[in-house]
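Labels run A, B, C, D, E, F, G and H following the written order; every chain starts at residue 1.
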Amino acid sequence: MSQIVIDRDLCKGCELCVHACPQGILAMGREINAKGYFFARVAEQKRCIGCRLCCITCPDVAIQMRVSGTMYHYFSY
Amino acid sequence: MSQIVIDRDLCKGCELCVHACPQGILAMGREINAKGYFFARVAEQKRCIGCRLCCITCPDVAIQMRVSGTMYHYFSY
Amino acid sequence: MQNDVIIAGFGGQGVLLIGKMLAYAGMRDGREVSWLPSYGPEMRGGTCNCTVVIADRPVGSPVVQHPRAVLAMNLPSLDKFEPLLRAGGVLLINSSLIHRDAQRGDVTVIKVPATEVANQLGNPRGANMVALGAYIGATSAVSVEAVEALVGETFAAKPKLVEANLTALRRGIAIGQELPRKGAA
Amino acid sequence: MQNDVIIAGFGGQGVLLIGKMLAYAGMRDGREVSWLPSYGPEMRGGTCNCTVVIADRPVGSPVVQHPRAVLAMNLPSLDKFEPLLRAGGVLLINSSLIHRDAQRGDVTVIKVPATEVANQLGNPRGANMVALGAYIGATSAVSVEAVEALVGETFAAKPKLVEANLTALRRGIAIGQELPRKGAA
Amino acid sequence: MAKKLMKGCEAIGEAAIQAGCRLFFGYPITPQNEIPEYMSHRLPQVGGTFVQAESEVAASNMLYGAGGSGERVFTSSSSPGISLMMEAVSYMAGSELPVVIVNIMRAGPGLGGILPSQADYFQATKGGGHGDYRCLVLAPWSVQEAADLVQDAFDLADYYRNPVLVLGDGLIGQMMEPVEFKSGRTPCKPLAPKSWAATGCDGSRPTNIVNSLFLDPEKLEQHNVKLKAKYDAMVRDEVRVASYFDDADYDMLVVAYGTVARVCSTAIEDLREQGLRVALIRPITLFPFPYAQVRAAAERARSVLVVELSCGQMIEDVQLALEGTRPIHFYGRQGGMLASPDEVAEKLRSLVATREVRHA
Amino acid sequence: MAKKLMKGCEAIGEAAIQAGCRLFFGYPITPQNEIPEYMSHRLPQVGGTFVQAESEVAASNMLYGAGGSGERVFTSSSSPGISLMMEAVSYMAGSELPVVIVNIMRAGPGLGGILPSQADYFQATKGGGHGDYRCLVLAPWSVQEAADLVQDAFDLADYYRNPVLVLGDGLIGQMMEPVEFKSGRTPCKPLAPKSWAATGCDGSRPTNIVNSLFLDPEKLEQHNVKLKAKYDAMVRDEVRVASYFDDADYDMLVVAYGTVARVCSTAIEDLREQGLRVALIRPITLFPFPYAQVRAAAERARSVLVVELSCGQMIEDVQLALEGTRPIHFYGRQGGMLASPDEVAEKLRSLVATREVRHA
Amino acid sequence: MPETVVFSRPQALAAVHTHYCPGCTHGVIHRMVAEVIDELGVRERTVGIAPVGCSVLAYNYFNTDFHEASHGRAPAVATGIKRARPDLIVFSYQGDGDLASIGMAEIIHCANRGEKVTVVFVNNAIYGMTGGQMAPTTMPGQVATTCPLGRDVSQAGHPVRVAELVSTLRTPAFVARASVHTPLHAVNAKEMLRRAFRHQKEGACFSLVEILSTCPTNWGMPPAEATQWLEKTMLPYYPLGVFKTPGGADRAPAPLSAQEAACRTT
Amino acid sequence: MPETVVFSRPQALAAVHTHYCPGCTHGVIHRMVAEVIDELGVRERTVGIAPVGCSVLAYNYFNTDFHEASHGRAPAVATGIKRARPDLIVFSYQGDGDLASIGMAEIIHCANRGEKVTVVFVNNAIYGMTGGQMAPTTMPGQVATTCPLGRDVSQAGHPVRVAELVSTLRTPAFVARASVHTPLHAVNAKEMLRRAFRHQKEGACFSLVEILSTCPTNWGMPPAEATQWLEKTMLPYYPLGVFKTPGGADRAPAPLSAQEAACRTT
């Protein structure tokens, strides 16, 4: 089971991750962070397939992924 | 009938024309010119076929060619 | 006689624009003017500001360390420029975004709810016009005619904007005038 | 005491080499020396020269406008440097290539048929050694031992050349000494 | 034309166009990007040509080619970019080409910063390139003056067949002030046809050769002497300087150029209200430097304060002018920090203590 | 090692190797081609690396990289090539990199000629690049001194973390003189480990960054002030100057540097035999310039003659030193023409007429 | 159940906020370079070179020693470092104005000498740092502040293709072009970077990876739109792939055939 | 019988002695350029640009106006001239050190902008004027004063092939390589020059002709031997022919095929 952790203050609200997620489970929030950006949040953690595309996409390394137990990698990165 | 005229003082004695002449009618002289070079001379004018290869070869434009009457050009230049 | 003001805020708030309009209006009034922007490192975002000087004689230093007025459109700007304001100067605070009071006691403080007013007028992008008006109302640095004419020109392309911004400007002027005129620069 | 000489000729005549040998010999004699080549435009052919100074005290100017001796290996060099020679100086002329007389009356003139001599010795490339010898013979700018030892080193690779060049050198020295030593530098 | 509120960079570009310049070769660099940007949209409108060069080295050599063709041409850059032009500037001076170069100085050395500075004074006035040469150097203190001097620069370049450098700082480039371009302006120098330019030769004259190579040292020396004579003529005829507050007597003289001089003037105004007697002299040409004028003005004072946005460069020319006849003080800011009127006033006040400045 | 007859260029190359320099980056140009040529065959013999750069711009930036890695490195060129290095020199000064640059000056401006000159004095001493920076400048007058100064140059560069420029003319480069390299020479400055160099970081220290960019003007100003303090330290501690013929009294003082100073010394010897009383002072460091020493020496004379192979550049520093206390005369040759002892003597004699020089 | 972190900031990437604009893919490229440095275990002996451009502050963003080079000269600086310390892993990170405009001579000759360094070339078709001027890589018709009507190829010529140009040199090298406008492209870009750095680690050859990148700010569009613009406009002109491998064949074009050569179409 | 002169000095070539060494083919190239200028009847509106190199004095050898450019910058100077006076015929004459070493950025960008000028590039594989240092075009193993043991490609890389490099740019151009080491090669070289200048006269495009030339002096061999050395050593590495025509196809290499790309030979 994979879990996405978004650092609200590293996020610049570029929305690239939202577009990158094949499951469409990421969304932009309505709060603004210290830098004054609306930051991204995980809308439906449960549907995450652990593809890491959002992590790979984020220009600001604001997204971490943790998995509990082992998990299958769709592609090597 | 073609005639080769070599300007003794323009000649630097490089001998390239001697090698260029398909008829081998050019040779280096034994005199030295104002610049201190042994300059080239025409040994057998009569055997000149008017190919202009010596003229084309000479880096110092020391060789002129004159023809009396019209004459056939082996190649356009 | 010289008027000078530092106008500061976020990049998007149009502070450079109202600074230019102020300078243009000063020209129309036949006075000498200079407009100096902050040009920071070639980097994105952050705050920006400009210094406008309007004088009767040729402008000396376009750099003003202790301005006669400060128009702060956001908190960082207030923090940065309030201490530099001249004693007896005018401090205009965009109270829509800035929720703290002024610390100086020796200056005229004018709170301008620029964003609210603009929103009320149904012209959310007009907050900077309200602020500009407030400064002019409080200092009469330039004539109302000059600045109004200028608004006309600036938005000539879009007549609707002209009206909207004139209204915003006038509301600002009113706010600026409302107040005790003590020690205005 | 200072000896100085300008050695000049065609590129191929080895004038720079004998200049260097002279300087080296001076060093061996424990004196101060400098060797300065003409370095013209980066162009081919033409004449070249070098100035050698041998002195008891550190060499002042390596540039010598009026040298105490001139060794002219070809006509252009004679034309150029004869006028510059100091009064009372020594003028060595390579009479094999130069067919005019010296114009100066106030200097010691030594005609050195360098090429002929070299040819006679069956060492056509040794003309410069003959000339060097003549200069040394006429001025004793350096000791014969020093220069002879040097020839040994310079051509150490080819023992045959050592002998040939020593002979040429000695013939030159003789030629240089033969003459009235008046006003030699 | 009516007065217009313009950024210094734009005014400089427009001034070039008003002066008949139809060619710009340059490379972007802050704080002068508005110059190439302005030229890139204005030149095509007037039938001119804008080329973004691959580098400042290339831009300066394009300048060489265009200048040698007899056309009015200019480039602009900022400190590091100007350093890359030094070889070409030496070539253009040596080949006697009339070109205009604008340097909107930023803080150095190295990449430094992009804020205003005056630390390229030595490079501009003593010659940052190799060999004996000089550029005529003009230093405006307002946007209007920048516009005027740029137009004069083209005339001076043509008249002397020499590169002319306009030396501004980030402030001049970025600030907006009213500018007026007088139509029908007359050149500040008589202009001769450029018969020397390399524009094709029909045999009616010897070929024109744009060149700085002289293999014969005697010829090169003659050339150096000729160039020196030209620079001496500039020294004799082109000095420009402005004095302020020198109507009444004064105890202290401030020497400053460019926008810093305006900061000083404001400082001095305040001080005079407080009864301090201070005057200001502002070199407008940095080469030729107004030695005599600065000397004369200084001799009316007890001491001199030089204010620069550098560690002290122009101060050497002030020292050469004064030859020790007056004490010289210095106030400088570096790294893009600006001297404020208050700082300068404070410095002047502190000198009162030294008893060199007396209260009226 | 025993004395060896060497060309100046070769001696310079060998001196670098003796100083432990194992890296050379350079581009050919007359009259210093013998330096890269010498390095290209010698460096491999001692396990060093020679790289022929594609240009002087590249060479100077290779120097930046190698210097920033903490290795001893040098480059050499001649006037036009040095002009192309101006941006990088400003960067190296700004980043405080210890590098050695040799300029075998030729005549300019532009392509000029290849014969000896001293016309790059301003560029070398006032900074031909942008921004406030200084290079330490050493000017040898003999091949032996060139060899010695080049070795010192590496120590000075390391000690001050600053570019050091060795300024020679074509004569120094091309002439041969006996040279001796003392084995086991001790550095002329204490040398600290180069802990600042960018050579990889294992986390035991913050990363080392070779850089001259400071976006914050206050930081950049602090940096400028720090650099200025370093240059002041050089002025205080590194002045080198030599005096000649000053044992007895003298009426006239000659100021000259480099090989020209030798020409002057010969001229003075001749004059003294004729009873003229003339002394010579020779700056060995051009920056820092020996202002105090020149002033003191000049005050013993009635007037001063400055001799240069230029239109007059060092003379400005002499003027700064003398502050008008003595009349200053000038004799210069340009374009690759050499001043001969007779010319200098003649000039000095002509000044006798001006009654400034008295017969003994 | 034990939780493992499968994606987080690489060690070679400093834990700081960058100054890059929202959505600027400089950040993605930084991270992937850092990941490769970690993977190869060379962080402690790696020295980077920052260009003059938006990535000028790269020296603050990597956990390695760094040089800040003058505009365009990073390949010369890299040469100086590598020749001085062949044991170091040296990489330069350069924009298109820096590398393809002012730095053209330096990159060509660094590659031609076969310096054992790695060049990360970020092609965003614009001058970012100075505010959007035309770059040598700007697309035909693309608007920039110094070509307000769009790049006119009749005046400014066509965009320079660096990977193609460098790959034609005879000296062995690894040359590739990749993109980071989608995560899967990024995965491939990282593989190219991995190969480039591995070649250097093995002392094999010079390596250059050109990476197409976005500049939302100066392109004047939101980040997501910028990635589409890149896909639509840049990809067709800048084909992705490997252009040269150290062992591979010579990539230089041969002379034209007689009749191709003869054609005088102008 | 009436006598006609069928070969003599062209009008565009000044009637002076050159400083070139005996047998140096710079002279042949000068003459042919002058002949082409005469043939096209453009002498009176032609402006040449001399490089820094042995041909620095070219300004004395042509009967046309001239500029003497700083080392390597002739293409930038040419750009300045042509942009200032598009009516002029502008050509630069450059050696290999000048064009291919220090001037690499200027030639690439001049070609890439498509400046309507003609570049005559004389490749003699050495620095002549300065006395025989290594050039970027020096052959592997060839001895020069800065590579006394011969060019070591592992240190200095392989010789730069300019015609190949320039022809890969997308901007239309005419690019060819010829030689003058034999008269028949010279005849072909002249045809290439003719086409290059004609393209400019027609305002078609940028044109560059690389011409292989000898340097007997610095190669250290008699002129005739030098022509053979050129034939034997240079021709195989520098193929002659037309590399690019303005109307022709794009000469840039495409990315490698998947399996070529995969090969990791190092």
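Following the convention adopted for this analysis, a residue touches a chain if its C-beta (ideal position, glycine included) is under 8 Å from a C-beta of that chain, and two chains touch if they have at least 3 such contacts.
It should be emphasised that the depicted structure is a prediction, and the values quoted were computed from it without experimental measurement.
The minimum number of touch steps linking chain B to chain E comes to 2.
Of all chain pairs, the one joined by the greatest number of contacting C-beta pairs is E-F.
Each chain gets one centre point, the mean of its Cα atoms, and the points for chain D and chain G are 63 Å apart. Distance between chain A and chain C, defined via averaged C-alpha coordinates, is recorded as 42 Å.
Averaging C-alpha coordinates per chain places the centre of chain B 88 Å away from that of chain C. Of all residues in chain F, those touching 2 or more other chains are 30, 51, 54-55, 57, 80, 87, 91, 95, 110-111, 113, 115, 211-213, 215, listed in ascending order. For chain B, the set of residues that touch two or more other chains comprises 35. Among the residues of chain G, those in touch with two or more other chains are 20-21, 56, 68, 70, 101-102, 104-105, 109, 113, 130-131, 136, 155-156.
In the complex of the two chains, the chain D residues touching chain F come out as 20, 23-24, 27, 32-37, 39, 41-42, 58-63, 65-66. Residues of chain H touching chain E in their complex: 44-47, 49, 56, 59-60, 62-70, 73, 76-85, 88, 105-106, 109, 113.
Remark: chain H residues 101-105, 108-109, 112-114, 136, 153-161, 164-165, 167-171, 176-177, 195, 199, 202, 204-205, 239-249, 251-256, 260-261, 263-266 touch chain G in the complex. Taken together, the chain B residues at the contact with chain H in this complex read 1-3, 9-10, 12-16, 19-20, 35, 37, 50, 52-61, 63-69, 71, 75, 77. Residues of chain E touching chain C in their complex: 3, 5, 30-31, 113-115, 142, 170-171, 174-178, 259, 262-263, 265-267, 269, 338, 340-343.
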